[in-house]
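Each chain carries a letter (A, B, C and D) given by its place in the written order, and its residues are counted from 1.
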């Protein structure tokens, strides 16, 4: 079944295989009149581009975006924005031997069970390159949100056992190190750890944290389409993500009600505020006006050069050492992917929310809000 | 916007407020010919019914299900199954004072910001009673899955700091204690802890774990509709859930690739098997034939009788002590809700998967699989 | 698969069988703050209620609506509105003989082929009674549209060969005759014709026309979700409808471009207007600010008492005379069903349209429309 | 809002403007293992290609399809099939004058009202070139259906007043004339008529008829997702279509029940058959195993060179003569577009139908159909 589309109003459809001709995305539902140029998108793609540090694959890809539709004279027109990124450095020969052997931790086996056929070159559709389309569409969402005063900022929260320390946290440091960690000291320790594990032909996991700032209260729906539930799906749909938590997350499961509840107080000029933010900015699935804060757990890169036990497509036992060009850790390049998924989700729910109240709808359509069928408030 | 519907093929729409006339659900997309009677559903509803132990609200509700459509002569007909559960013990007077004061940790404030109007009685639509519709539909999903050899089993994994110990785990114990914990000793300690916290007018969080057994390989889609992403959304949409993880989850973020990868081996008669199951039964978003294992973190019940800082609807600061009949912990009654959400998600993706392969479609429609336009295998 | 839900934002799910316990509908996505009471809905249901004239079935049903959720203190709350109408006069014994014989023109055979099981009593899910849920939800949509200054008015345009004459048209006459025809003289002739055909144990078809007044320009989307395409689906989904046309419809296929094009002129105060309205109010799938006008062709009631050739469920040839209580013509009671479908479709697209333009979104969320990322106009 | 996606399981998203870089489509949900190459698709695109006769625009476009993903070694892989067709002959200068003047019968005005911005070159997104994406995806659907023994055949039924005569009908003639009319004599008369109207700077409408052969009984759903309702939406979403009818269509509205009902009889080897087919192959929204037959009414091409009254974007009255390269009739090139929409709709519902019956699902997943939870039949 079709599973490559996300969103109801702000709707994104990605396509493309790791070693096919190109990777791309169609974004349908972006409102008309948003200033947009390829550079806005390229900035995001450059953040996930390979080959930028010793901790990323050496595959050389410019990952240059080309807008094919939906933008006219520097603005979106309300029609689908089709974006394509051509694959250029496809060393498919590296993968010839993977045609018949299932890589542990990869989708090779489950994909074959589902479809009976598979583009085995570089993971095909299950490759990390699929996220290029997400990032391109997410960059447009970020532009859209920015015009509404909303920013989405993700960063590496931990690498293996090394976690950012609250007292050392500085978001300005994020882009100063190869790990996108907003803590200089911890980043240095994490880099050492990573090099050590690379030397052992091993790979490392980590956690990405994301903060969405400026979301007005009221975004998200109270039942199945809760804001946090939608974020969970979007983020868990990134390959390698094994866990998601909002606010205090799993920590809340060990807390008491008196500790975990966020009291309300009178804010400066914008009315009600929360005294603390254990909830992570969402109450009952609906944003409460404070920062939305969530985390995603990434497993270690499954491609390791150590020998691993596996079976062939015919079911015979064998061993495999994975060659090729692989990141020893997924996390740094995934930071921008998490931002993209958060931006896409937020944009969709923000647009959906416009239909929630009669008084606002009547104003939108220029109708009187007094009298028959209207709110009296 | 509409946010009360979940699923694409196996589609569930819940409705109802805590203190309205009734709570209900429409399940559309259940295949025709499934044996079903009200008792099958009642069994699940009884597991979440209030008033069963000292750890649950004393609200007296029979929560008796009535099937209004879609079942004829003991079998489903393929048309929507409408189920209603009448509210009977609505002591709305308890909530009169909540009309104007926002309860910390509840959706009162965010709901008001979104809709400008709110059925404040007992949480209205954001009440835990909304899950009744989920459980009723989930019970049908569980029946459906059972006929396919698939079982869904959840249990309390931890209560505050008390976590089930692997060496003491016994699923048979689950239904022997009020906490639905499959570990007699830990359950006893957790009960003590709970009573202590109740004495302090406080509430407690916990973790529910769920195992789905018998899922064939191939369920789920490789991009946005990954099986684990769909589970995450479904489970995070339960009120009070703050985190979700599959397999080793957040633990995987601290592991090495060589530890976290699951090697493959030759299984007995069903071909390929995984040697370990760190992945929790899903690879690249698609089931791999092993057990699907996930966990959900529940925050402590936000309704505590301690005094809490808050504001009124008009923005004035005040204090609140929440009276009424509240569970000191959400987890035990949420166990069956988690099962329901897992069953609903699995049923939907299982049906979606039928459309994935030409060879199987040709067989389904009784066509030759040889010749033009077909698979050669 | 699930096929009982219509709409994306204004989302309607109907359920119920002709001779089951009840018929109902869940409307999710109605904005909060709309004044609504059961009487608003009952008014619409009464227009399709049986037993009101000699041209409708004698089945006695009060078809009294009961709102179970989503309305609080006389206003919608933004949560699902669940409505139920209990079946009371189910003379199922009339249908015992239909269990094994396929009625020509009915869904008996095709339903059995699809599901292998069927609630044969009175057509089950394929009965005209299924439209009760549509009308109930459509009545809410009509209330919503009315508050925005939009009205939906349908009427009988033709009965067999008798068609309303333009020069005799008077909408005030519509409710003065049993056929809901806005032309006194033609209605009288049509009544005679109908009685004659009833005497011959036969049934009659006809055409319903619908006018939607007050729709602002800009509703509908340019590609698949064109306003007219959405209306076509909604209206064609009414049982017995065999054709749909917008504006000049099939007549346009015989016209020349110079005749069929509607020129533009300067309107009074609201800017651009069309000189004529051959298009029926929609250009390129998007409303143009003039009246939306469409027609639906209804086939004759398939239940006729004449002897008809058919087969049994086991495939043996036989003859059937359909007893029971049947309308000799579907059209008069279908008038309000057409209005309902038009209202539901319009409400959904009207809400969807709110997300189409940056400048309006920025205003909606109270942001500056000047500067970075905004429209300059 | 997003309106460029059609289908639930077989899901199509088109993108592109008439004078943008390219036109394209993403087809998600095509099952894995279908033999497919670009030539299969090109064959369909060539049938709608401009410049093939004196009755089509002289714009020179090769309309060559390029598959960018989803096909590997000659077979579909179950992942999204992205197809692009580059625009090459964009004489946008022809349209410079259309920036400020609304063309009658076009979407210029309504589009501006909706989006406030418009790619005015050649109609932009509302151009007939948008159908290229539909045809490309429809060609894949046709391949899929063919492998299941289902064929979709459309043809020109009438051109202005000239309608194919039943006694002269020969499908083999369809491709022998420039109008794709399966009636040699009528085609000749229609050609004369067209040339005459072209001489008068006018344009002509017509009707396309479509026959779907080989559809098994049981396709489509009984309520909103009726097969005919889905066809109506898909076909009405083609620009220029103003009416849709199934079977006897509007004729049924003038018929009697005794004439319009199709009796059933014993078929040769496949069981039940209908004696006649007034219904057009669909009963109660579900296919009945006979031919599906529908018609679409196309208005005359709105671009005529005669002088027409209109207004400028600023609301001032003016006159316009439309230059450029336009078809004097839409119908011949629309024939393949109608086929495409019918194929897409049928493919989607055919896949959806797989989830309708327990017995078939149990067989599909290799489970016993005896015992607990199964059908006894």
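We take it that a residue touches a chain if its C-beta (ideal position, glycine included) is under 8 Å from a C-beta of that chain, and two chains touch if they have at least 3 such contacts.
All figures in this text were calculated on a predicted structure; none of them were measured in a lab.
The chains in contact with subunit A and with subunit D alike are B, C.
Subunit A maps onto subunit C through a rotation of 180°, based on Cα atoms and reported in steps of 5. With centres defined by CA atoms alone, the chain at the far end from subunit B is D. Separation between the centroids of subunit B and subunit D, computed from CA atoms only, is 42 Å. Inter-chain centre distance (subunit B to subunit C, centres taken as mean C-alpha positions): 37 Å.
With centres set at the average Cα position, the gap from subunit C to subunit D is 25 Å. Residue positions of subunit B with contacts to 2 or more other chains are 1-5, 8-10, 14, 29, 32-33, 75, 78-79, 114-116, 125, 216, 222, 351-352, 355-357, 359, 375.
Under the stated contact rule, the graph of chain-to-chain touches is complete, every pair of chains being in contact.
Only residues 1-6, 8, 14, 102, 104-107, 109-111, 113-116, 125-126, 130, 158, 160-161, 197, 201-207, 216-226, 228-230, 232-237, 239, 242-250, 252-266, 271-272, 275, 279-280, 282-289, 297-304, 306, 308-311, 315-317, 352-353, 355-357, 359, 375, 377 of subunit D touch subunit C when the two sit together in their complex.
Considering their complex, residues 1-5, 7-11, 13-17, 20-24, 26, 28-29, 32-33, 66, 68-70, 72, 75, 77-82, 84, 114-119, 124-125, 351 of subunit A touch subunit D. Every residue of subunit B that touches subunit D in the complex is listed here, in rising order: 8-10, 29, 31-35, 75-76, 78-79, 143-144, 146-149, 216, 222, 350-352, 354-362, 364-365, 367, 372-375.
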